[in-house]
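Chain IDs A, B and C follow the sequence of writing; residue 1 opens each chain.
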Amino acid sequence: MPISLGELAARFGCELIGDPDVIVKGVASLQNANAESLSFLASPSYKSLLPSSKAAAVVLRADDAGACRVAALVSDNPYATYARMAAAIFPETIHEPGVHPSATIASSAQVADSAHIAAQACIGERTSIGEGCYVGPGTVIGDDCAVADDCRFISNVTIVKRVRIGARCIFHPGAVIGSDGFGNAMTPEGWVKVPQLGGVLIGDDVEVGANTTIDCGAIGDTVLENGVRIDNLCQIGHNVYIGEHTALAGMTGIAGSTVIGKRCMFAGGAGAVGHINICDDVIVMARSYLSKDVTEPGAYVASFPADNAKLWTKQVARFRRLGALIERVKKLEK
Amino acid sequence: MPISLGELAARFGCELIGDPDVIVKGVASLQNANAESLSFLASPSYKSLLPSSKAAAVVLRADDAGACRVAALVSDNPYATYARMAAAIFPETIHEPGVHPSATIASSAQVADSAHIAAQACIGERTSIGEGCYVGPGTVIGDDCAVADDCRFISNVTIVKRVRIGARCIFHPGAVIGSDGFGNAMTPEGWVKVPQLGGVLIGDDVEVGANTTIDCGAIGDTVLENGVRIDNLCQIGHNVYIGEHTALAGMTGIAGSTVIGKRCMFAGGAGAVGHINICDDVIVMARSYLSKDVTEPGAYVASFPADNAKLWTKQVARFRRLGALIERVKKLEK
Amino acid sequence: MPISLGELAARFGCELIGDPDVIVKGVASLQNANAESLSFLASPSYKSLLPSSKAAAVVLRADDAGACRVAALVSDNPYATYARMAAAIFPETIHEPGVHPSATIASSAQVADSAHIAAQACIGERTSIGEGCYVGPGTVIGDDCAVADDCRFISNVTIVKRVRIGARCIFHPGAVIGSDGFGNAMTPEGWVKVPQLGGVLIGDDVEVGANTTIDCGAIGDTVLENGVRIDNLCQIGHNVYIGEHTALAGMTGIAGSTVIGKRCMFAGGAGAVGHINICDDVIVMARSYLSKDVTEPGAYVASFPADNAKLWTKQVARFRRLGALIERVKKLEK
């Protein structure tokens, strides 16, 4: 949807340095932008691309405005402001309300009139779908679920059972919410399955990535508070609690019953063992995992980035001889 | 299904200390239980919650009975006994036999009369589905598969082709069984796909987690023996063999042709490289992987739990200077 | 399809040592082969099985022909030659052209006459499906996609939106292509979603494994060049670029905006952080990840294979005392 720079500045509270009547029709990176594109500068590493950008306008911090040779939309938080403007230029597709004839709706399900249930979707018994929801093709929402307004299930999502979902949540394809947790009791005859009887409680404005799995609680619920963001291929065990605005990047795994505070960030492939408590504002770096309670905010890490294989092999050999080295030092000390 | 403590004690072989006529209607943790809940005490770390529990009854070991102020169901294996009792209180939903009109059954498929094939499910050519099976919504079972009695495919499961499945197995949503293994032969023109011609052979009482993938064999079968338990988001390569009652926690990866013994346990994010043999009763700790044959039962590990980022950065620097340190010690020794 | 050794030798350019009229009907490993099986010897580790093999014929290098007591098909690249012969013996199932009545095709979609659209599949608006394509059961191909000829979507695949796919690509079950990248901008009120507005561009002869996820670009496209091979449960972030014939084994994760060269190989559980450049011909070993630009071809690694748990615990303690050890050496030096 084409929008003028003047309107963007007014709607999103920016100072505009430039012609308010210029129209933007799309978005682009600084180097690929043309006279109809909105661009942005948020990270200092792209600053060198600013002077040569041919964008219609660039969203940027006041400090960077001097180096900008096109129109500037000045914001304290250019990335967030760009995000809101981009959403205005490219609004979500509006789907007509209604149920596709190939969808299967259980007799006791309640679907709001303004919801769209797409082809091949299934809605289970005693499940309610709120106003404005989009349930994409092939999505299965099982029994005893409650979905608040304006949620989107992109396609082939599975909401298993006993899942309550707040407003404006987004579930990407292949996400599975409410699957049985991994509960097994050993006996001399092998494993006995421990029934997984809880549900999943998801707040407002939560987003769950493609092929991510979130298990139901064994007893009681697995909980994601408002504003939690989870990327693709993450695993959330039974009875995990995730505080508000915590974000987990791709391939993060959180084992069962762990409690995570607010505004934590887990980088790609990070994680935590089960049954620990992690305070607010903890950052876990790529491929690192927490193994015990964390009571101090801050960054945590324990990964080695890859080295040249020959060097690394030597390092591992040195590491394996650390005990011998310590003995040699002891001897020298005597 | 409400059950009296007397009946629970009799059916599951426990001593009951308390009133046999008390009825339980649900389950709860020690601290959340009320007068209608069954609870359990299996791990010593929850022992302090026992005296104040308001449960109708607690399943526990004889040693713990003294500290219990409500009825006690005494068992040598309280977790397994609780699991069986919980399954009795909350029996699986019974699905009416029959094929939903939106399901697609190939003309040469054989579906037992007592099986339930849910909405949008597909059953392929020459595939048989046993008595009492539940094939949930959106599940695709491809060609040339054989499923024994009483299996459950929760929803959106994919059984690709040439998969034989024993009795009472459970497949969680998004699980993919029988996908092509990763077989590629390099040529000067690029990769040539190596046809993956084997199947998957799954024993009785196997459970496979959400979004887990199990590849078919390249030649011959990938095998999961009776009682194997696999959690979410695990990857099992072509021609892997997994022995009875081995359990893999979430995000475990086993590369092709590896043979794993009986009763092994892989913790979250653990794994093994391809083409190795792992004996019975091996435990692989969180985020650790086996790189060569294991002939001794026991626990294996090689991961560093995350540290404060500043400390870790120093540690990595010290690690990288190990070679120099060794030289300094050599010099001192001379 | 039974084929004579003479025909195999002629079609695939091998020297045949043996009777050209012998017919093979299947494939098998050296030890399981019978008089109707084709087998192969590619890795020296299986050489000891050659003399006792009962195969009809073995594809092998000239050097190994002497030890072969059955017919030999001599090739410089026995694995690739075997792959091509196996594909001739077991050709892909031909699916009748046509659209299954339970499939849902958007009114503006274009499906080639020779394509097969299976049960419960959905094709979105403005999407085109090329000649000879197979769109398996439960597959959802969303809006604004273009699929070239002879692609196969096995089943329950999700192609989200704005994905352009070259010829002869294969997508295994549960793969998700074109899901939103993980773009979030922090504000005092929580995360703001950054619209993900790009697409995915996939070359010819690309294969994507089961439950792998490939995000669309934030701005501009995520790109997989010709011949890229991706195994199961991999995650490819937004705006990643992967060069020709690069292969990623299972559970590999590549974070956003990283550029990978040609013919790279990532072993199981490997990966790369975001925003880095990796040159051609880089090998990343199992469970290792790249954290900065790589300009030299070769092998990179930084993982510790699992050790006996007691030994490892000692090693970790020694590692944590490295600082103290360095101090002790300093003291000795003084």
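Note that a contact is a pair of C-beta atoms (placed from the backbone, for glycine too) under 8 Å apart; a residue touches a chain by one contact, two chains touch by 3 or more.
Model, not experiment: these values are computed from the prediction.
Peer 1: What's the rotation angle, in degrees and to the nearest 5, for a C-alpha fit of chain B onto chain C?
Peer 2: Nearest-5 rotation angle for the superposition: 120 degrees.
Peer 1: Would you kindly state whether over half or under half of the residue numbers at the chain A/chain C interface are used by both copies, giving same or different?
Peer 2: Result for this pair: different.
Peer 1: So the centre of each chain is just the mean of its C-alpha atoms; given that, what is the distance between chain A and chain C in Å?
Peer 2: 26
Peer 1: List, in ascending order, every residue of chain A touching at least 2 other chains.
Peer 2: Residue numbers touching two or more other chains: 102, 120, 138, 156, 174, 211, 233, 251, 303-304, 319, 322, 325, 329, 332.
Peer 1: Can you list the residues on chain C that touch chain A in the complex?
Peer 2: It comes out as residues 102, 104, 120, 122, 138, 140, 142-143, 156, 158, 160, 174, 176, 179-180, 182-187, 190-195, 197, 211, 213, 215, 219-220, 233, 235, 237, 251, 253, 255, 271, 273-275, 283-285, 288-292, 296, 298-304, 314-315, 318-319, 321-322, 325, 328-329, 332.
Peer 1: Can you check the complex and tell me which residues of chain B touch chain A?
Peer 2: Listed in rising order, the residues are 27-29, 32, 42, 45, 77, 79-80, 82-84, 86-87, 90, 93, 100, 102, 118-120, 136-138, 154-156, 170, 172-174, 205, 207, 209-211, 226-227, 229, 231-233, 244-245, 247, 249-251, 268-269, 286-287, 303-309, 312-313, 316, 319-320, 322-323, 325-326, 329, 332-333.
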